[in-house]
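Chain IDs A, B, C, D, E and F follow the sequence of writing; residue 1 opens each chain.
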């Protein structure tokens, strides 16, 4: 495990429940608890999108949650990663195709890590977050590089990202 | 020369020291909850990370006030460490806090507002007590300068233990520790004033928190000032006390806090002042 | 007010400092998983009789069979759709064809395209089956037609 | 389960005569689409003899307005609001949009014609 | 010199007559010019007067004063009859009787009626500069008033007449004369408050009248006791000369009562609060440089005699109480002007307290407070006028859009409030000195010292809370706008405000200079003590006290610059996001804490009355 | 503008596990009015259960109505489905169902308590409760094969048997848990700051409870004896295994905490009794009939009465399934109980309702 190399980062998580059954949410809570204690990795559950790096989403995104999810995602500063927790957040799980939900959060925001399981064990969530940390680091580097090389990076992170990177490029030029 | 050198070094290193204290505090907190906790240098990792984030602000006034909060707090700390006038230090601290409060008010964000409201209330809770303690110290030493406390023959702790008790009561308010962490009230107002800061701008607030740690522990140290060992012991005691308290109490609401401070802490400080004036004066 | 100073919790908290944390070192040490943990679904192609009952029983549709034109079926399973209810195992008439392991599913990365990919695969699988069925029907019809023409021919001959 | 069949005009009075807050527990209001008609059921149970579940059943046409029992059973507003959205029926003094987005037209629990 | 001082008395009177007759444009020019001239004269006096300058006008003056006194009382009597106010009537009758008796017993000998020392000059400067600015401001303001053209002129006329009265009052030494002008200010405030002629104005004007009349009565009483007990003539200088005579306490106490009444200390705060109904320049005038400032002035005058007496102790205790009580009272207010008024009462209490303590440092603190409070309050009240006239609101709760609609006004008001609250502004300096020097006080008067320190600490904290409440509303804004475009106000408005703003910032920046060259000489002359000012290390030593100048200077730079920069700064290349509202998009309404502290007012009044009684009782014992 | 603040709480808020939105109108942080929006989690399960899923699959779907008392949902559904297909469940299956329900209750109550502690700003107690709660999760994992979403009850019986060694393990762990529970009771009862935050807060009287038809620990904390376990002897033999009703009088947050804590003792006793007296029989009753007719079933989930109504039409797919969750009944009372409290207490009050909106909105 090369975990030590990730330790120089401090991912702060934001948890949003987009209509899940609470199953995965309580497992996220369990991750914070002494037995799993994800603060070992410097993780804090901030509850504040503006200071978070990792968005942990559960639930299949109901129609009413959709706008809130996107809003919260937009308020998080890059670099950020999204971890979808549990089958229903990944793909809709058992709720696929129900009339009021959308079948997976990646229909609305780009997801980096999918944590499987229904409900996912805390171990799985930790694995997912650690996976996310690597991506976070890579994204940070990409962002730096893109500023240095004055070129557009990370394709997948949509318009939002591109706009501010363009601004930074202008600044350097 | 040496007199100046050490404080100056301390001042320059204050954020680093504060960061370490903060990191240590997080570990202690975790241990008190039977967790492993983050590594000691975690605050610095946070620091590095925050610097990397995309810069996002609500508006410039808000962000700028946040930065100035940090600057002025550092300045207040510098005056304290350089042995400046205690009352002035308290007011300079008020100044820095007020910048934070204004930052909170400057956005149209509910929680930020509530946080600012509550911070303003908490000023009401601790400022008079601190002033009374400072005046008591003056009564003993004959000067408001912190340096004179160092030069005073005995430790303040033994001369005015009640003042120390009062200090113990208001420090959790200042450090935003349970049961008086109402200004931050994570589960209620998600951080209050800090809420709208992000990235590098949050960094200023974050480090200001570390500086606040140093500030408060320095106040505690003053009670054992002429005996460094006692001073350190006091700091350790205060540290344990505050964290122990933090981990064994729920958050009260602001009215209860106000009541507590005005009915318990303030009278204690006042009695201490009276005792000092009546019996102990030079 | 007096109670404030007689807080048992306070001293307990201080004492906790000297106790060992209960935290497990998860990513560095594996945790205990019971043998009958409901983990990944395994599939044994050799035992399967391709009855598709598991697919039928699966609530979220995490199992899909696609079918090639030669009639060979392929089993697809999506670990991000599966809710690990083991209903498929219960539904299977052939013991061991489909079974549940105690390995929790690994998380998937973006590259795996686990959601949209599955949607596409699902559609394709259904199409392939429809195509196979149509093909089969066509063949059967052809065969029937051939037989019919043959019969007619025979009839005509006779 | 005791079904008490009644009619839309009488149901409110029936419930008013029947319901005593300290004797009966209001459970929920349910509706079932029977095709042509919709059956609405008000469920109560007795605190003293809990196995005794009483259901006031009324069959209505989909466009009829159902009386609200909010003035008898205060807590019935949630159930009523939900029914309005999910069954697409009318209940006195109850607006759409509590459960579903206000622009969601059809009642999802109705049978598709 | 003499001519200059007299011109300070005559010129405003002349202007006050001229504005009544001159056409509008001419009178405008006249007002502006005379405001400038008055300021220049008082500035020149400041530089030139070294020793106290005694002079008297011809001895007809005494007769004139007596006649004027009687005429004034007759007018009050007519008011009492017209308004059917038995209280005013009673007080007038009492005053009349006392006056007549006094006229009989006052020994007929010539004496200098006027003394102009540094304290008077200090007041001159404050009065003339600030009132001048206010008069210029009112030119514009009164234009928008809904009244006849004559009344507009009449308003300006009283204003200048008031300036003259103030100028005389701070330089008069003779108490009889002092009484006359004291009551003339009462009259002025009565006319001002009643200016709008509606029911509330009338009622409040009457309240102001009778309350201030009590002060007048107290002065008459003081004169009576001085003469009756045979301490010589009824002049301030004579009083100070006799300060060690035991029975002198009673007249001192009575004069203190007069001061406390003018200073609107509880329970007499009502008249000042009632004065809000008058046009806003009046409030500015009453609160900043004139009227209420008579209170600290009297106490400052008397402080050498007062120092260390039981009377001083009672005054200190009382003002300590008022400081907290007024601060608490202010918390419940929502009206901008009322908040200002309450804070005036609180700060006046602080000034009086400082003056009553009477050590060099506290005198300097009192002077500092008087000076900076005058500037800040004037600016704030003028802004209150602008808010009414341009933005059309009076409640603080409406101010939350101000940062966007009126960035300049909001900036100015913010600075005004900060100058009442935060280091390094003057008001803060006053508070700070207060605490530090009261520490010294506590060495002698232990209990009192302790009590007052608590009062200042708490009152200060409560006041901060109050100011935060307002500042918070002022600074609220949504998002950035490119560049700050100041709102358009009337030229006279922005000119006066800018001058005041400049003065505040200038005086804050030059505070160490002001202190050593302005406040210290005044204080030392008032106390007739030499006060040493030295700079040693990074500290400025004033008498026994040391000011850390360097940290202060840095604080000087830190705060104003922060606030001003915060208004103008625009971060480049930084993205803007919306506020966090739990992911929801609806708008929510805001407000700040409010405190229903007005319930406590009756109790405060009772305590205040008790203090007044104690004051008299202590002085008799 | 004026003296009133409107404070949003939710949809995303750190003190909430679930998206629900409260809009508090406050004066000086004192709540004067509350508006609640609780339908963020509406997914359309009822409709899906009577159109998309076969009636046997439905028990897995209704489990996902909510992860916290998924076993209650599956059991309640199984009961109603068994009534429709007219079969009797084997005794051992009934006992095992009760076992898992009680284990689930332990973890659910502890979760709720920890959440109350967290929202009262008592992080250490949150951590402690969560730490002690882990044993229940481990036991559930051992019994059902998953930490949440047990999928244990299926139509006709239960999905898996209890291994004897697991039974032994449960008894051992309960022994360890007992002193821990005593410790928790001590803290929740006696901690001064916590009682400041919890006593007299979020008050609902017995009259209110009757008027607003409150259920579950919420109702029992007011003194209203409403516990389905007391009632339905025919479906699950609660009385046999030693059920006792726990009541309190105060009706505030503290009383709710105490009711939950004391119920844990009852649950522990029930579990012990079940394991000691587990009858031998088959696990599932097989049948090939399809559901027909109407039936209702009630079950005491950790948060209160769960009510299922089902109607079959002799096909694989149900005609109608109605789920009435406990929180659904409590919403009217929830909205009322805020009035007059400090905003600072609101998160704790919310947590003390133990709101679970995923089944309210389904």
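Quick note on the criterion: a residue touches a chain if its C-beta (ideal position, glycine included) is under 8 Å from a C-beta of that chain, and two chains touch if they have at least 3 such contacts.
Computed from a predicted model, the values in this text were never measured in an experiment.
Counted as hops between touching chains, the shortest connection from chain B to chain D is 2. Among the remaining chains, those touching chain A as well as chain D are F. Of all chains, E has its CA centroid at the greatest distance from the CA centroid of chain C.
By number of C-beta pairs in contact, chains B-E lead all other pairings. Centroids built from CA atoms put chain F at 30 Å from chain C. Centre-to-centre, using mean CA coordinates, chain B is 56 Å away from chain C.
The distance from the centre of chain E to the centre of chain F, each centre being the mean of the chain's C-alpha atoms, comes to 66 Å. Mean C-alpha position of chain B lies 36 Å from that of chain E. Contact of a single residue of chain F with at least two other chains is seen at positions 5-8, 11-15, 29, 39, 42, 44, 47, 60-61, 64, 124-125, 127-128, 131, 146, 149, 191-192. In chain B, the residues that touch at least two other chains are 30, 32-37, 54-56, 110, 113, 186, 190, 195-196, 198, 247-249.
Residue numbers of chain A whose C-beta contacts span two or more other chains: 16, 34-35, 37, 40, 46-50, 63-64, 68, 72, 75, 93-95, 99-100, 118, 121-122, 164. Chain F meets chain D in the complex at residues 39, 42, 44, 46-47, 210-213, 215, 225-226, 228, 230-232, 234, 294-296, 298, 305, 307, 309, 311, 319-320, 322, 324, 328-329, 331-333, 361.
Interface residues of chain D facing chain F in the complex, by the touch rule stated above, are 1, 21-22, 25-28, 30, 32-33, 41, 43, 45, 47, 50-51, 53, 73-75, 77-79, 86, 98-100, 108-109. By the touch criterion stated above, chain F contacts chain A in their complex at residues 11-19, 39-45, 47-48, 52, 60-61, 64-68, 70, 111, 114-115, 126-128, 130-131, 133-134, 137, 146-149, 356, 358.
If you check the complex, the residues on chain C that touch chain F are 3-4, 7-9, 13, 22, 34, 36-38, 57, 59, 83-87, 90. Partner chain B is touched in their complex by these residues of chain E: 403, 421-423, 428, 432, 435-436, 438-439, 442-443, 446-447, 449-450, 453-454, 456-458, 460-462, 464-465, 468-469, 471-473, 475-480, 546, 548, 551-552, 554-555, 558-559, 562, 565-567, 569-571, 573-581, 588, 590, 592-593.
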